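Going in written order, the chains are labelled A, B, C and D, and every chain counts its residues from 1.
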Amino acid sequence: MSLEALLVVAAALIAIGLYGALSQQSIVMLMMGLELMLNGVIVAAASFWYYVAPSRPDGQVLVLVVISVMTIEMAMGFAVQTAIFRAGDVELTDEATELSG
Amino acid sequence: MGLTERVAHAAARRPHVLLVPVPGQRPLRWAAEDVLDERGWARAASPAGADVLLCCGEPGPELADHVEVAWEAMPGPRVRVVATALAEVRPALLTGAARLSDLPVQRRDARDRSAPALSAAADPAAEPEVGHDMDHSMDMGMGMDMDMGLPGGLQMAGRVQDRDGLRLEGLNLSLGPLLPGWPGGLRLDVVLSGDVLTRADVVRLDRRPEPGAPPSLVALDALAMLLDAAGWTDGALRARRARATGASGPPTQDLLRRLRRARLLRWSLRGLPAPGSEDLVAHLDRLVDAVHGAGLPVAEDSRLARDVVGLDVGTASLVVAAHSALEAVGAGV
Amino acid sequence: MPVSELLLAPLALALLAGFVVVSYGADRALAARAAGRELTAAGLSPWPDVARLLLQRRRTTTAPDALLWRVGGAGPLVAAALMLAVVPFGDTVIADLPVGIVWFNAMDVLLWAFIWLAGWGAASATALIGGYRYLAQALAYELPLMFALTAPAVAAASLDVREVVAAQGDRWHVVEMPIAFAVFLLCVAAFSLWGPFRAPAGSDLAGGVFAETSGVDRLLLLAGRHALVVAGAAFAVPLFLGGGAGPLLPDWTWQLLKTLAVLLLLVVVRRRLPVLRPERFAEVGWVLLVPLTLLQVLVTSLIVLAEAP
Amino acid sequence: MTPDDVTAEAVTTVVFVLLALVAVGFGFLVFRVDSMARATFALAVSFVAVGGILLLLDLDYLGVVVVVMMVMEMAIMAVFMIAYMMNPAGLMPMSMYHDKARAMSVAVGTFVVLAGGALLVDWPERQGAPPADVTEQVGLGIMGSHMLVMMGIGAVILTTIVSALVLASARSRYDRLGDDLKTRPARDPIRGGVGP
């Protein structure tokens, strides 16, 4: 186990998450892609804390921030999806284009 | 005695019984419930958890179909017995338990059941849609029409509006008639959105009037069903004991004393629709009065169908249970 | 109690099984009393029920998700065993985690997944509704449970279960945090589908998450449910009841005796109360229990501040 | 290093490799399985594995907290998925992708860049050592030097709760309590357990 190995794992998680977020039609699956990318960020933050600056709390706090961001993202994601669904029965990202302006 | 025999004998000491109440045969159901309570045997909640299937009376043609589905859904070792007279109830249950541990019979039964029958058996509580003629195709928003007959016979009912104003896919489902605590032969054909009933039809299978019984005992039976549905195991047990010993016996006094103190039960029941009363709490009090000799409330199937719409499955079950033991007026379908 | 570490895990599992048998027997005894039946040793034994489930064939539904179904079925038992792993019996503890309290919480959260999967995997409407009900109920009890777990941790200034025991001394936590204790027991009942919280496995749903299970699958689920109550009762002791503290007898004996007492309390409550309907309980959880437990944490913090040297 | 240290390190490495494989493998499965339930819980397994990796890094508290938060989140996610998605159980084969090839190439490109950076950059030397109580460090951090961060997050979470409810709910307090907000009991589709 080394910083490099951990960062490669983090990179893999981020890349897979990106693939999911870009390729999936469904809004929910897109959110799962985002979650997976943030999962990679957690690994990266934790490994930087351990291998670079373990005497300072910054890395740990960053992990907490990422976890909070994930919950916020999910809450807002589902709220928006519920609102869209209520308004017009849209479930696929391709159909939610009116949101883009 | 080999190991398997030993296990089988132990298992037969406390079988789980799926009771099939048959319309018009209320005394048989009472007798069967009394035997179960007396021996400490469990009443199965679903075919999957049952060893013995007891028909309290000869089921009519419509109910027989449901019994067949339930029988197929029992995992086995399994025994099916019928009691057509009061004196047959106890022997039927005892023979049933005895045949459970009869290994050669059970092995033959297992061999004779074809594998597909075992796997394709649907639960009577979740069996495919019957009776409705609905348009099962719907636009999927992707420019294709799909037939929503899913593998396994689950039928979607198209989109239905739920109580939060979301148009989600509805599911056609039949509740009953073999759910624990449901009156004999009553089936609720519903359209579910999530677990909320958005439409309900009351179906009475093989409708037949119940034989007369003292109103106080019927009231105690109604209490037992209501308490069972409210999940108060002890209360329901005591109500059945009171039913067995008569309305003037000590168990009845004990039950009524406990009912007066049952605040949590009243909290659970308040505000729910009831047959002929303001809510289920008032209904509970009316049943208690009926034990003392006041008149019984009367159930109305058309009103039941209206009342349960907008409730979730669990609450709807409570409302159905409140109708259970009462004489029903008005044809459902 | 010097026990070699290798023996610990089997010993703990045997203990768990023993307590499960006790809770089952106590429940049967109460049922017999309510039915006016005679109490016999044979009537209390779980063996007939175990035997019938061992013998019963495994039944399947149409298009089940067998993998997820099995995971959900075996999960509760595993979660209960893992909860028990952080409970100290005297000086002995299987897993001495510095964050034992959060660990317990994590195992309870795993149940969200397991029970829902047990309902989903069966591919039957009633079982799935049971799974949803569990989640609805979980949303109502989880925050009160977290705050109830926070109170003893604040008082001990540690998330380590052994530190929490050590912090209690002569004054058990239950004295200064009765609300947290009561809410904790309520939540144990809730995550174990126990008594008033068994709506997800209710008979109105033909058994809910249990509706389609048979044979060994059902045995695992039912045993898991009892095991969860046992684990919850065992965890309440170091948190609120002074752990192994007590006169004369060695520490681990007291831990066992107190666990037994809490367990019996839960068994009695199980039969006494009607089911709390989840949609009504949700409001109680959010409007009543969350503020109450927060208040409890505040009071605890003030006590800690007042007693700080 | 003593022989014991060598063994301990070998064990850590094996566990780490396993957890990493589980995290990445199940992460990939999320977008490969048909059933929504399987996708959600594959993601949950990936999170649990990352929680395990955090435990290897001595982050006891954060590791377990990741498990707590993410399993809860996935369970709730499953509910929404099944409510809003067609074909949640994957019983009917259908493709739910768009731009699959392009997405794959972007993802592979990202991985190459990130992993290459991770391997090539000369990372700084480790400064200091982990404190005796790692949990205490993060606790003091968010209550001391990093308090502003957490207060900011608190404010954002509160905003999120309010705005998510406004977005998702079709009913307002006027629907419940009437125009003068005086209707009691509230007109709810289902009555709750508190109040008259």
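One rule holds for everything that comes next: a residue touches a chain if its C-beta (ideal position, glycine included) is under 8 Å from a C-beta of that chain, and two chains touch if they have at least 3 such contacts.
Since the structure is predicted, the reported quantities are computational estimates derived from the model, not experimental observations.
Two chain pairs are in question, C-D and B-D; the one with more C-beta pairs in contact is C-D.
For the pair chain C and chain D, the distance between mean C-alpha positions equals 25 Å.
Between the Cα centres of chain B and chain D there is a gap of 42 Å. With centres taken as mean Cα positions, chain C sits 30 Å from chain B. Chain centres here are Cα means. That of chain A falls 47 Å from that of chain B. Residues of chain D in contact with two or more other chains: 65, 76, 84, 86, 91, 170, 190-191, 193.
Among the residues of chain A, those in touch with two or more other chains are 82, 85-86, 91. Among the residues of chain B, those in touch with two or more other chains are 150-152, 165-166, 194, 267, 312, 315. Checking each pair of chains for touch leaves A-B, A-D, B-C, B-D, C-D. Residues of chain B that touch chain C in their complex: 4, 7-8, 10-16, 37-38, 40, 45-46, 48-49, 51, 73-77, 110, 118-123, 125-126, 150-154, 171, 173, 179-181, 192, 194-195, 227-235, 237-238, 241, 251, 262, 264-265, 267-268, 312-315, 317-318. Chain contact summary for the complex, chain D toward chain A: residues 12-13, 16, 20, 23-24, 27-28, 30-31, 36, 39-40, 43, 46-47, 50, 53-54, 56-59, 62, 65-66, 69-70, 73, 76-77, 80-81, 84-86, 96-100, 102-104, 106-108, 110-111, 114-115, 118-119, 123-124, 126-131, 134, 137-138, 140-142, 145-146, 149-150, 153, 156-157, 160-161, 163-165, 167-168, 170. Contact residues of chain D toward chain C in the complex are 35, 37-38, 41, 44, 60-61, 64-65, 67-68, 71-72, 74-76, 78-79, 89, 91, 133, 135, 190-194.
Across the interface of their complex, chain A is touched by residues 141-142, 159, 165-167 of chain B.
Of all the residues in chain C, the ones that touch chain D in their complex are 63, 65, 67-68, 97-99, 102-103, 105-106, 109-110, 112-113, 116-117, 120, 123, 132, 135, 138-139, 142, 159, 276-277, 279-284, 287-288.
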